[in-house]
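Chain IDs A, B, C and D follow the sequence of writing; residue 1 opens each chain.
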Amino acid sequence: MEFAYDATTNDLIERLTSFMDEFIYPAEATFWEQLEAAPDVWSPPPVIEGLKVEAKKRGLWNLFHPGAEGAGLTNLQYAPLCEIMGRSLHLAPTATNCAAPDTGNMEVLSMFGTDEQKKQWLEPLLEGEIRSAFAMTEPAVASSDATNIETSIVRDGDEYVINGRKWFISGAMNPNAKIMIVMGKTDPNASRHRQQSQILVPRDTPGIEIKRGMRVFGYDDRDHGGHAEVIFTDVRVPVTNLIAGEGEGFAIAQARLGPGRIHHCMRLIGIAERSLELMVARANDRVAFGKPLSEQGVVRDWIAESRVKIEQIRLLTLKAAWLMDTVGNKGAHTEIQAIKIAAPRTVEWIVDKAIQVHGGGGLSQDFPIAEWFAQVRTLRFADGPDEVHKNALARHELRKAGTRD
Amino acid sequence: MEFAYDATTNDLIERLTSFMDEFIYPAEATFWEQLEAAPDVWSPPPVIEGLKVEAKKRGLWNLFHPGAEGAGLTNLQYAPLCEIMGRSLHLAPTATNCAAPDTGNMEVLSMFGTDEQKKQWLEPLLEGEIRSAFAMTEPAVASSDATNIETSIVRDGDEYVINGRKWFISGAMNPNAKIMIVMGKTDPNASRHRQQSQILVPRDTPGIEIKRGMRVFGYDDRDHGGHAEVIFTDVRVPVTNLIAGEGEGFAIAQARLGPGRIHHCMRLIGIAERSLELMVARANDRVAFGKPLSEQGVVRDWIAESRVKIEQIRLLTLKAAWLMDTVGNKGAHTEIQAIKIAAPRTVEWIVDKAIQVHGGGGLSQDFPIAEWFAQVRTLRFADGPDEVHKNALARHELRKAGTRD
Amino acid sequence: MEFAYDATTNDLIERLTSFMDEFIYPAEATFWEQLEAAPDVWSPPPVIEGLKVEAKKRGLWNLFHPGAEGAGLTNLQYAPLCEIMGRSLHLAPTATNCAAPDTGNMEVLSMFGTDEQKKQWLEPLLEGEIRSAFAMTEPAVASSDATNIETSIVRDGDEYVINGRKWFISGAMNPNAKIMIVMGKTDPNASRHRQQSQILVPRDTPGIEIKRGMRVFGYDDRDHGGHAEVIFTDVRVPVTNLIAGEGEGFAIAQARLGPGRIHHCMRLIGIAERSLELMVARANDRVAFGKPLSEQGVVRDWIAESRVKIEQIRLLTLKAAWLMDTVGNKGAHTEIQAIKIAAPRTVEWIVDKAIQVHGGGGLSQDFPIAEWFAQVRTLRFADGPDEVHKNALARHELRKAGTRD
Amino acid sequence: MEFAYDATTNDLIERLTSFMDEFIYPAEATFWEQLEAAPDVWSPPPVIEGLKVEAKKRGLWNLFHPGAEGAGLTNLQYAPLCEIMGRSLHLAPTATNCAAPDTGNMEVLSMFGTDEQKKQWLEPLLEGEIRSAFAMTEPAVASSDATNIETSIVRDGDEYVINGRKWFISGAMNPNAKIMIVMGKTDPNASRHRQQSQILVPRDTPGIEIKRGMRVFGYDDRDHGGHAEVIFTDVRVPVTNLIAGEGEGFAIAQARLGPGRIHHCMRLIGIAERSLELMVARANDRVAFGKPLSEQGVVRDWIAESRVKIEQIRLLTLKAAWLMDTVGNKGAHTEIQAIKIAAPRTVEWIVDKAIQVHGGGGLSQDFPIAEWFAQVRTLRFADGPDEVHKNALARHELRKAGTRD
C-alpha cells in the first residue's frame, strides 16, 4: 500500500486548488442566482461556460480519463482531485469536464467504441461540446440485479429496435445531452450475463419520449440535466450503434463501475470536508444559551467524530483506488464494495450534523448542505442498494473461510 | 396512567377513519395533480375546499380545539385522531381545520384574545375562511432561546411599531393567511421572560415585505402556504392588537408548546404507520435476486424494528397527553421533552428505511416518503434543536437527584 | 390501555419499597463480603436467609404467583414490583421467593402438576425451602428453535429414561436445587410442536452429572446457583414425574414464556433506573478538567437519553403486561416480542453509559454495574436471540398486511 | 502515505505467522487448562515459558522495541506484527516479550534510564526474566487528567518518600513483577505539566501493600498479573531511582503514549479479525430454523460490516504509525487521537456480533470472545475515556479553522 501522492498528483492538486479558489468558489453565488432566475432551463447556468474555458486553458480538463485522450492519470492520482472537485459539486466537475455520467460514457467509448462511434460522440464529449446520458435503471424492476432489465433491443435487418421504459436517467432532461447509451436485452435466452447489450441512441431519435424529470427530495437537479423518465417506443438505430457486440452489456457495465464508485466516494469526501468546515465555522460563530456552539460538548463530539470518520473513509477509498491500479477490478473487489457501503452513510452522518448545527437554515436554499444530503442519500441506492453490496461482500467472506480450511 | 380510548374517542376514530377512507385517500391523487399543474400558487389545491365542506358536515371540524369553540376534546382524546390525520399530512389536517399554525393561533386567541380580537380573527379562523401565521423564528439568532429574539415592538402613542426580520414563517406565503401573530420584544430591559410580547399583525399592513419562500430540502410546501422570510419595517398596528399584555409573550408561547408538540408527534406516528405500510407492501411485492424483499433478513429486521419503535413512541406520546390533561404542562415536562427528542428521530429512522425499500423511487415525487422525511427532519429543530431539549431534561434529572439525597 | 396502578399495587409498592430501604439495600455490602469470603459455595450467602424471613413476615412473598398459592396479582400489578426488585438483583428476588427459574417452575407446577407433584415439589418451593432448575438449552443445537432439542425421554415400563446434554441450566450448581424440570423429546416423529415433553427429575437421580458451571463474562453467578452444564446418562424417573402428558412440552414452555419475559424486562428496568441513579450521582460528584462531569455536554446527553429510553420501554412492558391480563398470551404476541427485542438492548445502552461515567471502577467489583451489563447482555439471547424474535415479529406484520388487502 | 510492508516486515510477518501456527495456537488449549487448574496463581501458566524459549530462538523477541536493544523496527514495521500477536492475546505478546506494560516500561528505561537503572531493570526485562508494572491510575481522581494525580513523592535526604493509592496496576499481582514505575507529584506548586515525576520502586520495598486484584467484568486476568490496587505508605527508595529528573513525569508519560496506542489498536484489530473468523465459521456451521446462519440476512450483514469496519480502522492505525515514524508524535496527534476513539468501539461492535452468533456459549469460557469483549471495553477508558480524546480532537479542528481564516 503506497498512497503517497506523487509529483504529478501534487502539482495537479495545487493547480486545481488555485482554480477552485480563484474561479470556482467565487462563481458559486452567481451560479445559484442564475439558476433561481431561470426556473425552466434544464442545463447548467451560463456561468459554467466561462469556467470550462478557464479550466481547459489551465490543463484541468478530462482529468478523470486514464487514457491518452484524457489526463492519463491512475485512479490513485485522480482520487484526490476528485475529492477537491466534490467540494463544489455543481460547478467543479462540469467545469473540468469530469462530470458523471459523461465520464463513464467517455470511458466506455474509449475502451469499446469503434472509430466511427468515437469520432461522432467521443470527440465532442471530450471537448465538452455536448453532454450524454446512460439509460439503465427501470421503474418496473429491481435494477440492482442487471438481469432484471426488461428493455428490449431487437435486431431487424440493419437496425435495432428498442422498446422499454427507463427512469432516473441523469442528464437526459438537458437538450444538449445529444447521445444516450442504453442498456437492454438483445437475447433473453442467453446465459445470465450475456443477455444484455449497450447501444448508442441519439436523444432526438423518433420514438423517444423524455417524459418528465424525477425529483430527489424535491430537487430536480436541472443544472445537471435532471433525472429523466424516458420511454422508448419502437426506437430504431443502425446496427453500427451497438457497442462492442451483442451480449457485452453486462461486461461493459462492470468496467465502468469500479472507477465510477471511486469517483463518487471521493466526491462525497469533498462534501464531507466542506460540511465539516461549515459546521466548525458555524460552531465558532453562533451563540446559544450564553456560549458559542463550539463549547457545547455534543457539538464538539460531532466535530471530532466527523474528522475520525473522514480519515477512515478516505484511506479506504485511496486503498481501493490503489488496488484498482495495481491488481485491477477483481482484486479490488472487497474494497470497492466496502467504499460503496461505507462512504455514503458516513458522509450522510456528517452532513446531517452540519445541518443540525445550522438549525432551520441548514435545510434551506441558503446553504448547500441540505442538497448535499440529497445527493449523498441517493448514493445509498445508486448501483444497487447498500444491502446488495453487503450481501455480496459477506458471501465473499464466507467463501474465503471455506477455502481456507 | 389510563390511556384507554373512551367512547367519544372511539366514535371519533371510527368517523374520522371513514372520512379518510371515503374522501381523503381518494383525493390524494387529485391533490398532487392539481399541485403539479399550478406551480406558482401558494395555497392548497382546489380539491381541499370540497373536503373541508364534507369534514364540517360530518362534525370532523376543529377537533384540536379543547374549548367550547371546538370539539372540546382532551389531549388524550385528540391524540389518536391527530395520528390518523398525520397519515395524509397534506390533506387531512387542512380539511378538518386542524392544521398548524392555525391550531396554535386559535388556541392563543381563545385563551388570551379580547372579544374584539376573537370576533375579527378567531371566528373566521374557526370557520376555515382564512389562514394565519406565527412569526417567531429569526435568521440572525438561535431562536430556540426565546430571549435571543431581536424583533422590536415599540409603543408609539396608540400604535405599536414593529421592526425585524423573521424566517420560516409557515403559511405566510399564502395570501389567505390574513393575520400573523408576531413575537418580539417590547422591553429589552425587563427580566428574561418578561421582555417578549405577541401582537396581531394583518398580513397586508404597510411595511411588511413577504420576501421569499424558504425551502426545506427542495420542497417549498406551497400547499401549506410555504415558509416565508418576512421583513417588518416600521410596521404600525393599533395597541389593541397586543395579545394579553406587554411582557406576556413568553408565557403565551409556552402555553401553545405542550399541545403543539403532542400534535406534531402524533402526526409523525401517523407518518410512521403509513411508511411501515408502504414498506411492508413493497417488501411483499418486489422481487430481487430471486426472492421477494420480504424474505430478505435485513428488510424483515427493519419491519420488526419499525413496529417496536412505533409502539414505544406512541405510548410515550399518549402518556404525555394524559399528563397534560391530568397534571398540566409543568407536571408533563419530562414527557413533553422526551417525545420532542424521541419522536422525530424515531420516525426519521422508519421513513429512511421505507425509502430504502423503495429504491430510487422512494426519493422521488412518485411516493410521499421523501417528503415525509423532509417534514420529520425539520422537527429535529422545530421549537429548538433536540440538543437543547436533552440538555434541559438532563438538568432536571441531575437536580432531582440532588433533592433526593 | 389502562396502566394506572390500583390500590393493591400502590400498597405493595409502598411496602416493598420500605423493605428495600430498610433491609435489602443495607444488606448489599454484607452480601458481597460473604460472597467474596466463600469462593466455592454455589448458593446464596447466609444473609439472604434472614431477608427471606423478614419478607415472608411482611407478606412480600411469592408476589409473582398469580394464583391462590401466591399473591394472586395480575401481570400489571406485579410488573412494578418486579422493577423494584430488579434494583437489587442478587438479593430482592431471592428474598421474596420471586427468583427465576423457580418462578416459572412454580407456575408450571401450579398449572399442570398433579396433586402429588405439587405436594412433593411445589409446596417446598412456595415455602422457599428448596430451589429448582429448568433444563432446556443444549450446547449442540440452536435452542431458540425448540424443535431442535435432542435430549431423549424414552418410556421403559413404569419409567422414563433420559439421555442428553444441557447447559446454562441456571441454579443447578446449587445443591439445594432439589428438582429439575427437563425438556426433551418423547416422540421425534410427532408433529413439530408435539414432540417435546417436560418431566420432573430430582437433582440427585443416578445418571446425572453436574459437570461444571458456565461463566458469563467471567462471572459464575454462584449466589444464584450458577449456570450448569448437566449430562443425563440413562437417568430413570417414574412415569408419574411427567408433567401434563407426552407431547405437552412445547405448550408448557409457551405458557411460562409470556410472564417470564415481563418479569425479565421489568427487572431490567429496575437495573436501568439504578444505573441512571449511579450515573447521575457520579456526574454530580466527579470533577475532570476543571468542571463536574454533570456539566459535560456528552454526559448530559447520556442522562437525558437514558430517561427518554426508560420511559418508553417501561410503558411498552406495562402494555404487554396489561394485554396478557386482558387478552392473553396470543393477543399480547407482538408486544411480548417487542419488549424482548427492545428491553435488553435499551438497558444495555444505559448500563454501558453508567460504566463509562465511572471510568475503570465501573468495570470492577467495586460497583455493581459491570455485572448488570453481563446480566443484561445475556438477555439478548435468553429465550432465543433478538434476531429470531424480530423475524417472527416481521412475519406477523407482513401477514397482517396481506389480510388487510 | 506509504503503508507498503517492506521486506523486513514481510519476512517477520511470515516468521511470526509460522510461530503462531506451529506453537501459539496449538498451546492455547493447554494454557486454558493450566489456568483453570491453578486458580490462585497470579502469573502465566507454565506453558508460556516454553513458548518464550522458542520465540527467542526464532528471533521473534522484543519486536516492539525500536532501538538497538530490541528489533529496531519502526512503528509501521511493528504494527502488522502486533496485529498478529493480538490474535492470541494471552499467549503471543508474552511469549515474544512484547506484552504491556513491560513494553512501555522498557522503552522508558531505554530512553530515560541511567546506565545503572538499565543494568538493574532493563536488562532482565529485555531477557524476559522479570515482569514490571506501571503505577499511574488512582481511584480518587479522574486520572485521564494527569494533573489530578495525588500520589506524593517527597525528597528526604538521599531518598524519596512515596505515599498514595493506585489501582488498576496491571501485572502488579504477579510476584515476578519485580519493579514498578510509579507516577506521582514531586512539586505540586510547579506549572501544570512539571509537577509529576516517575520513579522506580521495587515491588518488595517496605510500605507497599498489594491490596487486591481489581476485576474487569468477572475476569481477574491473573495470567497477566491482574490489575492490582496498591497502597504506598512511606515507601522509601534512593534518589537514584528517579527517572530522568524531577518534573519530567508528564513528558515521559507522553513519550510512551503514542506507540502504546498503536500497539493497543493493532492488537484490537487482531482480535477483530479472529472474531470475524469465529463468526464466519459459526455461521457456516450452525443451523437454525432450517438453514445455516450464514444464509440469514442479518448475520451476513454483520459479516460484511465487520469487514468494512476492520479495513478502515486498520488503515487509520497504519497511517498513525507511519506519521509517528515520519513526523513524530506531534504531527501524528490527530490520527493518534482518532484511533484511540475509533478502534475500541469498532472492535467492540464486531466482538459483540461474534458473541451473538455464538449464542450463550459466546459469553462463556468455552470461547475466547466474551473475554475479548472485556479487554476491548476496557480500552474505551484506558489513557482517558473516549470523550476526553474527542474533546481534544474537536478543539484542534476548531482552532485549525480559526487560523485558516
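Keep this in mind: a contact is a pair of C-beta atoms (placed from the backbone, for glycine too) under 8 Å apart; a residue touches a chain by one contact, two chains touch by 3 or more.
Being a predicted model, the structure only gives us computed values, none of them experimental.
Novice: Could you tell me which chain lies farthest from chain C when each chain's centre is the average position of its Cα atoms?
Specialist: Max centre-to-centre separation from chain C belongs to A.
Novice: If you tally the C-beta contacts for B-D and for B-C, which one comes out higher?
Specialist: Higher contact count goes to B-C.
Novice: So, what's the distance in Å between the C-alpha centres of chain B and chain A?
Specialist: Centres of chain A and chain B (C-alpha means) sit 37 Å apart.
Novice: So what's the Cα centroid distance for chain B and chain D, whole Å?
Specialist: The computed centroid separation for chain B versus chain D comes out at 53 Å.
Novice: In angstrom, rounded to a whole number, how far apart do the mean CA points of chain B and chain C lie?
Specialist: Result: the chain centres lie 43 Å from each other.
Novice: I need the residues of chain D touching at least two other chains; which ones are they?
Specialist: In chain D, 296-301, 387, 390-391 touch at least two other chains.
Novice: How about chain A: which of its residues touch chain B in the complex?
Specialist: Per the touch definition, chain A meets chain B at residues 137, 139, 142-145, 148, 167-168, 214-220, 286-289, 296, 298-299, 355-356, 359-361, 363-366, 370-371, 373-374, 377-378, 380-381, 385-388, 390-391.
Novice: For the complex, which residues does chain C have touching chain A?
Specialist: Touching chain A from chain C are residues 296-301.
Novice: Spell out the residues on chain C that touch chain B in their complex, using ranges where they run on.
Specialist: Residues 1-4, 276-277, 280-281, 283-284, 294, 297, 299-301, 303-305, 307-308, 311-313, 315-316, 318-319, 334-335, 337-338, 341-342, 387, 389-391, 393-395, 397-398, 401-402.
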